[in-house]
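Dropping the structures in below, format is structure tokens.
Two complexes follow with subunit A in common, the first pairing it with subunit B and the second with subunit C.
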Partner chain A sequence: MTARFDVLVVGAGPAGLAAAQAAASHGARVGLLDAQPRPGGQVWRHDVRKQAPRAAVAAMQQTAAAGVEFLAQHQVVAAEPHGLLVETPQGARHVHYGALILASGARELLLPFPGWTLPGITGAGGLQALVKQGWPIAGKRVAVAGTGPLLLAAAATLRAHGAQVLGIFEQAPAAAVNAFARQLLHWPARAVQAISLRARLAGVPYRFGSIVRSAHGSEHDNHKLCAIEIEDTRGRHRLECDHLAVGYGLLPNVELAQLLGCALAYGTPEYASAHPHVIVDGLLRTSVADVYAAGEACGIGGLAAARVEGLIAGHAAAGATDAAIALQPRRAKERRFAALLAKHFALDSRVHDLAAPQTMICRCEDVSLSALDGFIDARAAKLATRCGMGACQGRICGSALAEIGRFTRSGARPPLFPIRLSTLAQAEVAPPLSDEYRGH
Partner chain B sequence: MTGHRMNVIHVDGQRVEVPAGASVAAAIAQVTILFRRSVTGEARAPLCGMGVCFECRVTIDGVAHVRSCMTPVLHGMQVQTDAGAAP
Partner chain C sequence: MSGRCYDLIVIGAGIIGASCADAAAAEGLRVAMVEPGPIGGGATAAAMGHLVAMDDDPAELALARYSLQQWESFAELPEAEFSRCGTLWVARNEAEARVIPTRIARLAAADVEAHAIDAQNLYELEPSLAPGLHGGLLVPREAVVYPPRMARYLVQRAQSHGAVLFAGRTAKQLGRGTATLDDGTQLSGPVLVATGCALPALLPQLPMRARKGHLVITERYPDVLHHQLLELGYADSAHGDADSSVAFNVQPRPTGQILIGSSREFSATDAAVSPAMVQRMLARAFEFMPVLRDLQALRTWTGFRPTTPDGRPYLGAVPGEAEQWVAAGHEGLGVTTALGSAGLMLDLILGRTPAIDPAPYAPSRAVI
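This part shows the complex of A and B:
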């Protein structure tokens, strides 16, 4: 089954929705595909029990009204010349394009610590996503930890669904969070958001300089999480809980961009990053002809940056350069806010050193930290220990190892996700069978 | 919001009712926290909640290794976790 679009957008979050709508507004035939069953991405993920934010409803309505075709449950697995091989529940599909916009968003940075594989421990945005899709949380005792404003958003969702949020344990020191809060005065809309979030979290302790050092499971009940140990300025203490939602911020999803050969960079002149983002110019063109990128894939920038970048990329991909250029000042402003976030919620070096020698780093293949001693690159470690060879293809352990300073992730190669053999059989370009990698 | 339509599915043979649009992961969580066993036999459950980590994978209607967090419940689904599998 084959489809063809003038402009194809990968990822139906805020950036992708805006890009699709902007491109379609110039008469282009636009496809918007996403691995999830519904549009919205992570930040606008559909909630089975609560109403969607007004901006999300509006963006989805505008995209649909513009004639954009939404391709749900389309997982991109390989790149072909001006096309993608995707897997759907109904089988494999080729989707061809004139121009491609990568709005692949971000995932959470999940860092290993003793006990982090216990059932009941999720990402912070991770638990928020699960709960929005009906995960039973009412009455459960939840600790929220990690870093960044996402912790507040996650905690607010969990509370709205009936969770007993025991506390928000932010790794950044109080001085950094307070300095960030003062900067919000220059961003009134965001200050209002922050105040409203805090109001929804009234009574929930918000602790700074707090780090979850370890987690402990119950002897029975499948070793399910029963307590965590928290270290803060006053020392270490134990907290009994049913769930721990811990996330250390976000990192760009660049696997498809990498597969397409788009140039990547690490961090910006203002702040370093262990995680790559896609390099784009003022029109959001990547280094590969006819491939654009928008939103978190270009570096973590948040919702407002994603929306304006989506519009720019959509206009540019449809050939409406003037409309794209007109939005550049707005983009620059939103990107400044992102730099502010990165600066104030920089990770404390303590969170890089939490894993013990026996802590599992690769959860797919159960490879411990000590098994990786002596390796200086991901590929050698993978061949010798199977680290990163499992179903997630190193998305969790590879990013964690890069963050804690062991080694950078190896490059992406097809298939981008585990696929059925019947899908593989439909690939126009056979994935390499040798163990050679693109990228590093 | 109340009054949502409910779907009935079976997790390890046990009947579960969940709102339409809920994920299979949410349905499983009503029955067990053990979604899968790792290669060394550890109990595992969803981690990322968004289709990246594969810790939530189960067998759905006979198809193995399906990410339950990415799959909406459909009436009559049969789900098999490693909790229900023979050890």
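This part shows the complex of A and C:
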């Protein structure tokens, strides 16, 4: 089954929704593809209990009204000439495009520490997503830890679903978080957002300079998490809990961009990063012709940056350059906010040294940190230990190893996600290009 | 310059170079190894790791037999990940099955145990095979190993016997009993070049082509496949000269994963996964094992087999050069024949009578 679009958008989060709507507003035939059954992405993920935010509802309605075709449960597995090989519950599908917009978003950075693989421990955004989908959390004692404003959003969702949030343990020092809060005066909408989040979290301790050093399992209950050890400015103490939601911020999903050959960079001149993002120009064009990127894929920037970049990429991909250029000042402003976040929530070097020699690094293939000693590149380590060879293809361990300064992740290869062999066997051979859907 | 003088300088630490360095160090030679990339990072990393006796060329069979005997000493070594799954050659029809008695006889002459299998027996051994197949040939003692870890083990064992590894270094130039590295380091001593597909960079007089292959590995399905399965027509693909070919060749990994091959291409020079070849290769595999269609593929990769004009490796002295040796060009049998190749090389280098006749592998045959 083959489909053709003038503009194809990968990822139906805020950036992708905005991109699809902007492109469709110029009359382009637009497809919006996502691995999930509903649009919204991570930040606007459907919540079984709560109504979607107004902005999310509006964005989804606008794309539908603009005639955008939503391709649900479409997992991209390989790139083809001006097309993608996609797996759907109905089987393989080829989706061809004139222009492609990568709005692939971000995932959480998970850093290994002793006990991090115990049942009861998830990412912060990870637990938030589970709970939105109806995972029972009511009455459970939950500690939220890691870094960034995402922790507040996750804690608020957990509380709204009945969790007893024991505390938010932010690794950034109080001085940095306070300096960040003062800067919020320049972004009033965000200040309001932060104040309302804090109000919803009234009574929940928000601790700074705090890191989870280790987690401990119960000897009676299948080694399920029962306590964590927290280190803060006053020393170390133990906290009993049922769940730990811990995330060290976000990192861009660039695997599809890598597969397409888009040039990547690590961080900005001001802030180095161990994780690559897609390089784009002012019109959000990547280094590959007809391929654009918007939102977190271009470097972690948050919701507002994602939305304006989605619009710019959508306009540009549909050939409406003026409309794209008009939005550039807004984009610059939102990217300045992103830089603030990166600066004030930079990771404390203590979190790079949490893993012990016997701590598991690669959960797919059971590889401990000490097994990786002496390797200076990911491929040599993989060949000798299988680290990163499993189902997540190094998305977790490879990113963690890059963050803690071991080695950078290897490049992407098809399939981007595990797929049925029958799908892989349907990979497109000849480019079915025709001028009719290339021009716009 | 005392630390720069060796009895043997092995260039390349794939499975061949690693085996030669290990054998030399075990003999008490002062050995240097030079490897620009990861140990076993070339064809060794891409290989299936099937230890198999191919009997269509008597010289290949003699080398395989000699080598397979040595592989037995690693059967219990954790690093080898040795798994004695046996090889089952599948015949689709009576015509294909006709070669089986000849093959059994040739293998028996080389002390390799093999049995003819009828259709009923075939499905008892491998219930997931497509219906309607005729029978096969079972070689029960053959095994699979994990080549890059084995290469690493051999390099480390050589190091424990005093060998020195110049890691991250490339040999740029060979002289009479010298090798110059890319950082200017001069090593002196006899040189053994085991750089596989990269051979022409140092020894352009020895023709070598890179023959691209694709592999696909699945998630873990421990009960689907029990033997390394190949179609009886495999040798036509492996030893034929077609520009591109595919053959049914699947392997049960000790992890429960299934490794699916195989393809051969002479004209493809880039390492990218080719959807067209993956498609052809999988279509072939589905014909023999339809159940594969519904399994999850985890990864795909490619590799290049170092291929000489006659398909046999170069094992011996570099023609016209003193103190230069070569061990390269094993096509798809480098893992199987690595240990035997190393034994043969050491005998030649030390002036002993080799355990097998070295003449079929003499590099001089390639120089006109």
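Just so it is clear, the second predicted complex is superposed on the first by the 427 of 440 C-alpha atoms of A that agree within 3 Å, B and C clash if a C-alpha of one lies under 4 Å from a C-alpha of the other, contacts with A are read in each partner's own complex, and residues count from 1 in each chain.
Here, a contact is a pair of C-beta atoms (placed from the backbone, for glycine too) under 8 Å apart; a residue touches a chain by one contact, two chains touch by 3 or more.
If you're wondering where the values come from, they're calculated on a predicted model, not measured in any experiment.
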item	value
Fit or clash - subunit C, subunit B, common subunit A	fit
Contacts of A:Thr286 with subunit B and subunit C, given as first, second, both or neither	neither
Which of subunit B and subunit C A:Ile396 touches, first, second, both or neither	first
First (subunit B), second (subunit C), both or neither touched by A:Arg413	second
Partner chain(s) touched by A:Thr63 [first = subunit B, second = subunit C, both, neither]	neither
Touching partner for A:Ser104 - first (subunit B), second (subunit C), both, neither	neither
Touching partner for A:Ser214 - first (subunit B), second (subunit C), both, neither	neither
Greater residue coverage of subunit A in the superposed arrangement, subunit B or subunit C	B
First (subunit B), second (subunit C), both or neither touched by A:Gln128	first
After the two structures are overlaid on chain A, angle v-u-w for subunit B, subunit A, subunit C in degrees (C-alpha centres, nearest 10)	80
Per-pair minimum CA distance [subunit C against subunit B, superposed on A] in Å	8
Common interface residues of subunit A - those touching subunit B in one complex and subunit C in the other	390-391, 418
Complex contact set, residues of subunit C against subunit A	37-41, 45, 148-149, 152, 216, 218-219, 260, 273, 275-276, 278-279, 282-283, 285-286, 292-301
Contact set on subunit A toward subunit C in their complex	78, 80, 85, 377, 379-380, 383-384, 389-391, 393, 413-415, 418-429
Residue numbers on subunit A that touch subunit B, as the complex places them	35-37, 42, 46, 48-51, 73, 107-108, 110, 117-123, 125-130, 133-136, 221-224, 360, 363-366, 390-392, 395-396, 418
Subunit B residues within the subunit A interface of the complex	1, 4, 18-23, 25-27, 29-30, 32-35, 38-40, 42-55, 57, 65, 69-72, 83
